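A, B and C label the chains in the order they appear, each numbered from 1.
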Amino acid sequence: MPIAGVSPQTARTGGVRIVDAVKMYGSREAGVLAVDHCTFDVPAGAITVVVGPSGCGKTTLLNAIAGFHSLSSGSIHLDDEMLCGPGKPKAEPGPDRIVVFQNGALFPWKTNIENVAFGPIMQGLMGRSEAYEKARAMMADAGLRGIENNYPGEISSGVRRRVEIVRALMTDPKILLLDEPYRALDSLTKSVMHEALLEIFYKNRVTIFFITHDLEEAIFLGHRVVIMTTRPCKPKKILDIDIPHPRDYSVLTTKRFREYMDETAAAVHEEATLAFAAGERER
Amino acid sequence: MTGLGRGLFRAASFFTGEEFWRGAAAIAVFLLFWEVGSRSQMLFGFAFPWVGQVPAPSGVLKEMYRLILEPSFWGSAYLSTMRVLEGFLAAMAIGIPLGLAMAVSRTFYGISFPVFEVLRPIPPLAWVPAAIIFWPTQEMSIAFVTFLGAFFTIVINVIGGAQSIDVRYFQAARSMGSSTFDVFRRIILPGVLPSIVVGATVGIGITWAVVVAAEMISGGGSAGSMGGAAGGGLGFFIWNSYVGGSYTQIVVGMISIGIAGYASSAILRKIGEWMTPWLAEG
Amino acid sequence: MTHPRGIASIGRNADGHVTTLALTTHRVLRWLQSPRPYLMFIGFALFLGFWYLAVEVWKLPRFAEMPGLTTVISEWVSRAPTYGLSLFTEEYYLHIWVSTRRIAIAFFLATATGVPLGLFLGWSTRFRQYVFPVFELLRPVPPLAWVPLAIVMFQGSETPVIFLTFLASFYATALNTMLGVESIDVSYIRAASCLGAKRWQVFRHIVVPGALPFIFTGLQISVGVAWFSLVAGEMVSGQYGLGYVINTSYTMVRYPTIVIGMITLGIVGYLTSAAIRLLGDYMMQWRTRELALGGDR
């Protein structure tokens, strides 16, 4: 299906197909259903954002794609390969699907550049000096020059996130999985982060799978927005956003943007109320 | 599922699970190694180093059955337990208020903490002779040394616990108009309780170690005894068994102390869990 | 958390980074400017003053046989001490050396065995299932309860004492190391797997550095526990050493020397702990800088 701003020639690999995924925790009688027969596509070379209330199970889906959790049934495919499915309930974590975590997972005991160069060195793709050179270049490209020899603990959390994204991109992943990465940031920093993320996307055209509870963030960033029900999660509404890329923050006040908000706000609010009534806790 | 049903189910799955069997297997191997090693002189004609001198577990078991029926053994156990309780309760009674005072008042902390920190590295047993000189009876000097063992741990834990109470709880209470006493009773005390429990659980282990040591030193010791009137207790029992040459009894004594120490820690932990029900939830 | 006042005034080197030396100097200066040194002085004055007054001025009956502060100090610094032990006698340093040597041997052995064991216990579930129950079985037996058995098992008088000390240290180190591994945020391990690290690489680059803070806390506890066991062991068996000094000073009615022994123990014990803490701070630069820049705590 054609998506605004992504022409077939520039589309890369990294498309994910989720087919009838189900995740149940615990036993059959006393179990908790987290993911309820989810089916949707994550198109290659585009940004797909999944929106849902806290605790609805969207992180479980991301973890299943990444290989940290297994599926009870259903399957997930990356390009033409099956990541997990019948006979293989849990995918293997790998450098083609890199996760950027909610609270950040830059290794505090390594300097920023050691962090960024970590992937290629571990996989044996490059020697140390080569990896460091590439790391320096990519950091400079992302506007992060000058903090190479600092430790993550010495820089602000917004900058940390950006370093983490550069680290993820070092090994040319097929898809970037972002688990509410900006949840803990204030909204001013967030807006800067959004533009930084889009810039990186325009440069690299890597497929992005992004989870959030913030509808505005979702519509601003995404080519495709999937709105989830509260737990157990199931796609409630899927939208392809036809606001053209490249986007910047002026998009927020356009009429089209507000129309999308109108269309989706009711659905999201409905699920949020349900989640609240059910006493869902944040994870 | 009823509570009882669930409990039984969990117990059953624990005992049939791989975790239990692997641990049990390892313990069995350990006991086997011990048994063979201690009989190595007989079995192989030469003694294994170290293990070869140790009494065999089979012998230890027999001796334990015999001793369980001896009233004097239980008398020693009772004596040690009493000493542990005395010292421990004294440490709690003095340590908790002191720790709270230090956490609440920065001035008091500034004055007393450096002295406290200077005295802390001195091992409790080094205090034994000084305690004997100072206190009129030997029982009291043992109690004092036992007290010291737990005291430092408890105070440190109380201070740490009080300092880690989120300052926002205080602010919330103040904004709702609580008096200082109320703040103390409803915020500080419950907030410190988990740390007190941790300090107590660790402290009682230290107390057992000190009691056993003090009993050994008072009753035995190569440098001669320091007065034998207040002998007795499990530490003394072990030393006596060594002097008397019955090595199996030594091991029985060690096992008894181990069980007693473990049981007292477990009991304290249970009491602690009961007193802090809010910690158990997710 | 707001930055403490004056952090902008810390000297920076050519790269614009705060050097460790500058950070330390800054913190020492702030300490001197606070009321803390003066309160500390008051505390010591009260403590020592009470001791002096109780024994030598008021002559309280309970304190009758206690050595007084002046007696102890004059003995400690005299060139010809009445009881043979002072800062100027060779024997004094011999005892310190013997005790410290025993601690060093036991502590290094305990660290060399305890840290790897703790790392594996924390990292491999299977290993823990096999080994931990046996480990826990022997742990509740207090160090000194091992003395007679140790004497029976080992030859000579040095080895049992070192064994005791080793045992106590070993348990403290192994447990804290295991706790350290378990406390590592699982996100770090997942991130490393994502980036393509194999299991042994995760162990080397994530688990070991990640557990280091807990390991060093464990080592400080371990050295304290080592002194505890060593003194007990020296008082019961063995010759020379600070525990032995305290014991014999009592039986030979050399009371001031008891106190000298205790003070020395306190100082040496504190120094060994501090040395480990400093080593830890140095090895975990990333942590010290993070904590220092975030505020004084």
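By our rule, a contact is a pair of C-beta atoms (placed from the backbone, for glycine too) under 8 Å apart; a residue touches a chain by one contact, two chains touch by 3 or more.
Bear in mind the structure is a predicted one, so any value in this text is a computation, not a measurement.
> In terms of CA centroid distance, which chain is the most far removed from chain C?
A
> For which chain is the distance between its Cα centroid and the global protein Cα centroid smallest?
C
> Starting from the mean Cα coordinates of chain B and chain C, work out the distance between those two points in Å.
Here the centre of chain C sits 20 Å away from the centre of chain B.
> Between chain A and chain C, what's the gap in Å when you average each chain's C-alpha atoms?
Averaging C-alpha atoms per chain gives centres 46 Å apart.
> Express in whole angstrom the distance between the two chain centres, defined as the mean CA positions of chain A and chain B.
50
> Touching chain B in the complex: which residues of chain C?
Residues 35-36, 38-40, 42-44, 46-47, 62-63, 65-66, 126, 129-134, 137-138, 140-149, 151-154, 224, 227-228, 230-232, 235-238, 242-244, 246-251, 255, 258-259, 261-263, 265-267, 269-270, 273.
> Could you please specify the touching residues of chain A with respect to chain C in the complex?
Touch list, chain A to chain C: 66-68, 93-95, 97-99, 101, 103, 105, 107-110, 118-119, 122-123, 149-154, 167-168, 171.
> Which residues of chain C touch chain A in their complex?
Those residues of chain C that touch chain A are 15, 17, 185, 187-188, 190-198, 201, 205-206, 209-210, 212, 284-287, 289-290, 293.
> Show which residues of chain B lie in contact with chain C when the two form their complex.
Checking each residue of chain B against chain C gives 18-19, 22-27, 30, 50-51, 53-54, 107, 110-115, 117-119, 121-130, 132-134, 205, 208-209, 212-213, 216-217, 220-224, 226, 235, 238-239, 241-242, 247, 250-251, 253-255, 257-259, 261-262, 265.
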